[in-house]
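Structures follow.
Okay, so chain A shows up in both of these, paired with chain B first and chain C after.
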Partner chain A sequence: MILVRRRAGGVPTGPARVVRTRTHELTGGDRVFRWVSGLAAFIPLAGIAFITFMLVFWAIPAIIYSGPSFFTSTKFFIGNFYNPDFSVVNGIRAPFGATYGSLTFIVGTLATSVIALVLAVPISVGGVLMLSEWVPRPLEGPLSTFLELLAGIPSVVFGFFGLEVFGPFLSQHVYPALSHLGGVIPFFKGSWAYNGQGLLTAALVLTAMIIPIIASTTRQLVKRVPVLATEGALALGMTRYEMVRVVTIPYVRTGIIASALLGWGRALGETIAVLLIIGMTSGTPVNIFGTTSTLASEIADSLDSALGDATGMAVRALAELGLLLLVLSLLTNIAGRLVVRRVSTEALPVGRGI
Partner chain B sequence: MNVRRHAAIGFAALTGACLVAACGSTSTATPTPKTASSASSTPTAAAVQTGNPSAAVTLSEAGSSLLYPYLQKLAPGINAAYPNITLTPAAGGSGTGQSEAISGTIDMGGSDAYLSPAQFTANSGILNIPIAVSSQAVNYNLAGVNNLKLSGSVLAQIYSGTITTWNNAAIAALNPGVTLPSTTIIPIRRSDSSGDTFIFTSFLSATNSTWSSGPAFGTTVNWPTVTGELTAQGNPAMVDTLKATPNGIAYIGISVESTALVDGLGEAELENQAGDFLQPNQTDVTAAVTAGAASVPANLAASLIYQSGAGSYPIVNFEYLVVNPSKITDTSTAEAIRTFIEWAISPTGGATSDNLAAVNFVPLPTNVVPLVNTALAQITG
Partner chain C sequence: MIFWIFCGLALLLIISPAVAVVISVLVKAAPAMRWSLLTNTTGNATDPGLQNAILGTLVLCLGVVVVAGSIGVLGGIYLAEFATGRLGSVLRSASEILAGVPSIVIGLVAYTALVVGLGWGFSILSAIFALSLLVLPYVVKTTEVSFSQVPRSLREAAIALGLSRLTTIRKVLLPPALPGIISGLVIAVAISTGETAPLLYTANFSQSDPSAALFHNPIGYLTYVTYTYVTLPGAHDQALASAAAAFTILLVLLLIFGGRAITARQSRIMARLDV
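Showing the complex of A and B:
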């Protein structure tokens, strides 16, 4: 927030005619700027506060109904509306058999987004370094534009592509090979859906979705690495690889983490693409190929059913899922910031590890 | 505007008359009363006051995606018959239709499922008015088999994971002489809120006691976990997923049945209460409706699933418009809703064989019309 403040004793000295007769030194433009920028800074804060407040307000009955089992149960079922009986827990009435457990979605959300992140960061950074260091100049421009265009593809297109093309391809040509890893890594053991729906397909599509986000940010950072440092490294007789390892990467490290966080946020909250390809079944996946669900996609998928609930509890349970997603995003953001603080130092982080 | 003022006075008188007579009789205040009392055989049935509203009314509708194409077909027709009525249908799902009609956000909410007892209790005076009859097919993707017979109980066991292969004894017993493969069955179901899930699970509940005491029925149910099961969102995606899944089985709404058959998928013959095996067609669905319509309750929340009678197809349902009379405060809107629904169910209005055939629907049985009229008379504005 940029606010122009009057400094104590800051009245400019000089010829008397220059001294303003007003009690403060701000021009009209300054005041407008102060108000507009103040308002602009206030709106996002107020928005987040309002959303959080509304989610908490809406979720309270669901929080009372579920208690701690919200975090420990893998079963999320909004109840049987047509049963004349109701389930009453802690004095809150919900449709018969209603169980609001989020563990499946927590696992699904974290698993898909972390796999996507682990794959996307090296690919993006490697790709950008290739683009800036080795690809001929005339090709660099068009390739970069292409990268930025990728970031603009609507997520439903990614989801549709995953469902119709990528999923079936993976299930027929890639997963049979991957499942041989089952002997070494137990998670890779077992069968997968014929059309490829499942955790790994969703994670791979998310990878494709966040690569452009991480890559385009990283590219801006790499372009700002001082020429003096990089050319100095080359002048000292380093190879390109050594220069990248010793100068470029340390210089952009914090930026990469920040852009990875941005990508992680996108992967955590991605709804429609995941909804189409993760299989949307309740329960944690049996293996890495298994079908499951995530917080965001479950909210979208269940909302219409939830609206038919006369007790209104189903919508409140979805609000609790929304609140959890908000908290999860916040926690990952804070964790990322802590990492950034650890790796960044006062001095230019170049040249360590030679 | 003199005309408008007169009309307003007329409406006030109308509403007054309606209140006095408890909406039991037709007022003659409107110049051309189109009372669709085709049920003249039942003199107790309320005749409904309909007509072109004096002011232009836009009727907003949202909800069931199965009903949506039918309402789209009706929209130009109602406007041609009654120039002051404009119908703006939208999809969004049955749950959206129910909740938005209850809250008064929209005038009418489309729903494949009738309202739950809890909804009737929570919203006094709420109406679910059937306007047409739909049905559902069970399709399969099985190489070399094209005349599969199935029963509700077997389907329940497939979707519970207790019958896992196509050559299971229970399936073989229904299909003597058919060579069934030993492959694993892949059940495909809807993950989103779905009227098709509602009627399919109603059928399973009606035919299998383990299912009815377990997952039971609803637009979303607590599906048993079946190894290899797949999910899809919406009927077109069900067709796509089944097409891409050899050895799969799926329940698919009748309005997209033609695409499923064009794609070469098999359509199961389902066992009805009389023990006959039938595929959905106009005759067999109509037989089920006729059998089921005899016992429609006053609140119109009726299941047409698994009806008696030799020719009754087992998975049949009413398509509803949900109206909350307490949120319809404007007399012109009320008149427009009454007029639209009367027109929509009339064979000379919206329910022409062309319109119905376009989505494979079947007209409302005549003995339900008096109940619809009684319901419509409660929408007074």
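Showing the complex of A and C:
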């Protein structure tokens, strides 16, 4: 017996699925293929479980060693390898003087990603609304190509751009003007690096990296707003601005929140671009232009030196950082995907550099 | 009105980073371009080039196509054709969650599990597995979408003819879905070309051209050259970093536009198929 099922919601995304309900209608070859492909489909699930398990397993000694000071201390020092003594805390042996405090990285990660988000959402939504309301149809294609282009630029190229072009530009032309705000907001007062490396530069480059995610999702959502509602609003005499405010925005609001969460997840995990731009110093930044570090960039940067630790604790501390990063990214990602479930799939896959 | 001025500005802000990045990278790389980039390796003392990096990236991409391609396409077919209800949605969610894992975390786990744990050392295989895990969700998703977009009439005709599931998939559903699958693979390759973090501690880096050994054999890749050499002070190194960045971005652009051409062709084929 064949059951023809339609997807719920009436969304016109392809034909109904034909599903067989009786398995004895499958031939031997069918069964083998079903097993093999089922195994393949299971691999993402196995991968996630494996990643989580490995991180937890590797991080446990570091968790025992650091305890709650992991979250409260800004000092992350993998220890003096040349000192013959070891630090022993809670029964775990680590290089002399090793402290694994991640507050610097937590602050850095959250600060850069939140600033990037606060800047990216209005820019994306505004730009998409402009694209859908005012831009003539023939230009829409090329403009959306730019969006795809932005999504595709690799992280290291953004880092290169930030270090070589954007950072110096900001430090010479923009930051002097911004530091005038220092009279009002003390966090803007002070000096900055000549090549522009620091928190704000990294946050600005991150903004450019998460704009495609938010913009492409918003664009699909805006296309889905019922034409009857938008044209009805215009027929009632509303201006385009009022139509957008009264009809479009309420429709897409949840979707924007969801895509913002997805973009946040991407910003949290961004490694190489941030590593090159943020200056990689320990300790919270003195002002908004100051250098600091983030979870992801610290892991990438320190793994090399951590390999020299004979006790192996440094790698485990980095695994603890990785575990924290994983939890943060997964939380924002799952929250985002729970909120938007039915966004059509022809557009950019979100999350990586494309 | 002010609102729309702001929106126009926003649109400009969306477009300009892409343009700025591409143009500035190409401008910085232009003076460094010469033929010896393609014939010399980065280890060459007098005139370093990018041969090992380019070949390494190509080898890694090929490996990703083989590994992630086979697993992802099979998995996508399973999700589209056989998975129903709870199991299907659990597997799909797992795939989406995997897409959200940061690339450095995947690199770290690949290091601890493959390089150290299994004793493979810095090797091509560890790098390929790390990259494949990274891009797997995209291949699975695009395959699943391609298969579900094949028109119902084709499936019904196959059932009417009494074809087995495997034959239906192979002969009836796969040909129309193939362009979509290929565009998914192109996306996977584009992502692999641009990734650095997972490769840092799985492939390490090699100054010589890739060899056939799968284990204990570091391999070079383009993004590492940019990442490392941009922080070095010498003019030669900066030139190399710019050239590597330019090659990376040109490769990615080629792949993006190639993928779009394939997808455009597919929608034309699909339009003809709908009876």
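What we mean here is this: the second predicted complex is superposed on the first by the 283 of 354 C-alpha atoms of A that agree within 3 Å, B and C clash if a C-alpha of one lies under 4 Å from a C-alpha of the other, contacts with A are read in each partner's own complex, and residues count from 1 in each chain.
Definition applied: a residue touches a chain if its C-beta (ideal position, glycine included) is under 8 Å from a C-beta of that chain, and two chains touch if they have at least 3 such contacts.
A quick note: this is a predicted structure, and the numbers were derived from the prediction, not measured.
Asker: With both complexes superposed on chain A, which partner does A:276 reach: first (chain B), second (chain C), both or neither?
Answerer: both
Asker: If you stack the two complexes on chain A, which partner ends up touching A:118: first (chain B), second (chain C), both, or neither?
Answerer: It touches nothing on chain B or chain C.
Asker: Let me test your reading of the model: by the given contact rule, A:127 touches which partner, first (chain B), second (chain C), both or neither?
Answerer: second
Asker: Pick one for A:143: touches chain B only (first), chain C only (second), both, or neither.
Answerer: Second partner only.
Asker: Looking only at contacts as defined up top, I'd like to know whether chain B or chain C touches more of chain A.
Answerer: For chain A, the partner with the higher number of touched residues is C.
Asker: Considering only the touch criterion stated at the top, classify A:42 as touching first (chain B), second (chain C), both, or neither.
Answerer: It touches chain C, and chain B stays clear.
Asker: Considering only the touch criterion stated at the top, classify A:83 as touching first (chain B), second (chain C), both, or neither.
Answerer: first
Asker: Please work out whether A:308 is in contact with chain B alone, chain C alone, both, or neither, and reply first, second, both or neither.
Answerer: first
Asker: Need the overlap of the two footprints on chain A, from chain B and from chain C, as residue ranges.
Answerer: 164, 276, 303
Asker: For the complex, which residues does chain C have touching chain A?
Answerer: Chain C reaches chain A through residues 1, 3-4, 6-15, 17-22, 24-25, 28, 70-72, 74-84, 90-91, 93-109, 111-113, 133-138, 140-142, 145, 148-153, 155-156, 159, 164-166, 169, 187, 190-191, 193-197, 200-201, 223, 226-227, 230-231, 241-242, 245, 248-249, 252-253, 255-256, 260, 263.
Asker: Contact residues on chain B for chain A in the complex?
Answerer: 92-96, 98-100, 113, 116-119, 121-123, 186, 191-193, 216-223, 225, 227-231, 233, 240-241, 244-246, 248
Asker: Taking the complex as given, what residues does chain A use to touch chain B?
Answerer: 75, 77-78, 80-84, 86, 95, 97, 164, 168, 191, 193-195, 197, 275-276, 279-283, 286, 291, 301-308, 310-311
Asker: Along chain A, where are the residues that touch chain C in the complex?
Answerer: My answer: residues 2, 4, 13-20, 26-27, 29-30, 33-34, 36-45, 47-48, 50-51, 54-55, 58, 122-127, 129-131, 133-135, 143, 146-150, 152-161, 163-166, 208, 211, 215, 240-241, 244, 262, 265, 268-272, 276, 296, 299-300, 303, 315, 318-319, 322, 325-326, 329-330, 332-334, 337, 345-346, 349-354.
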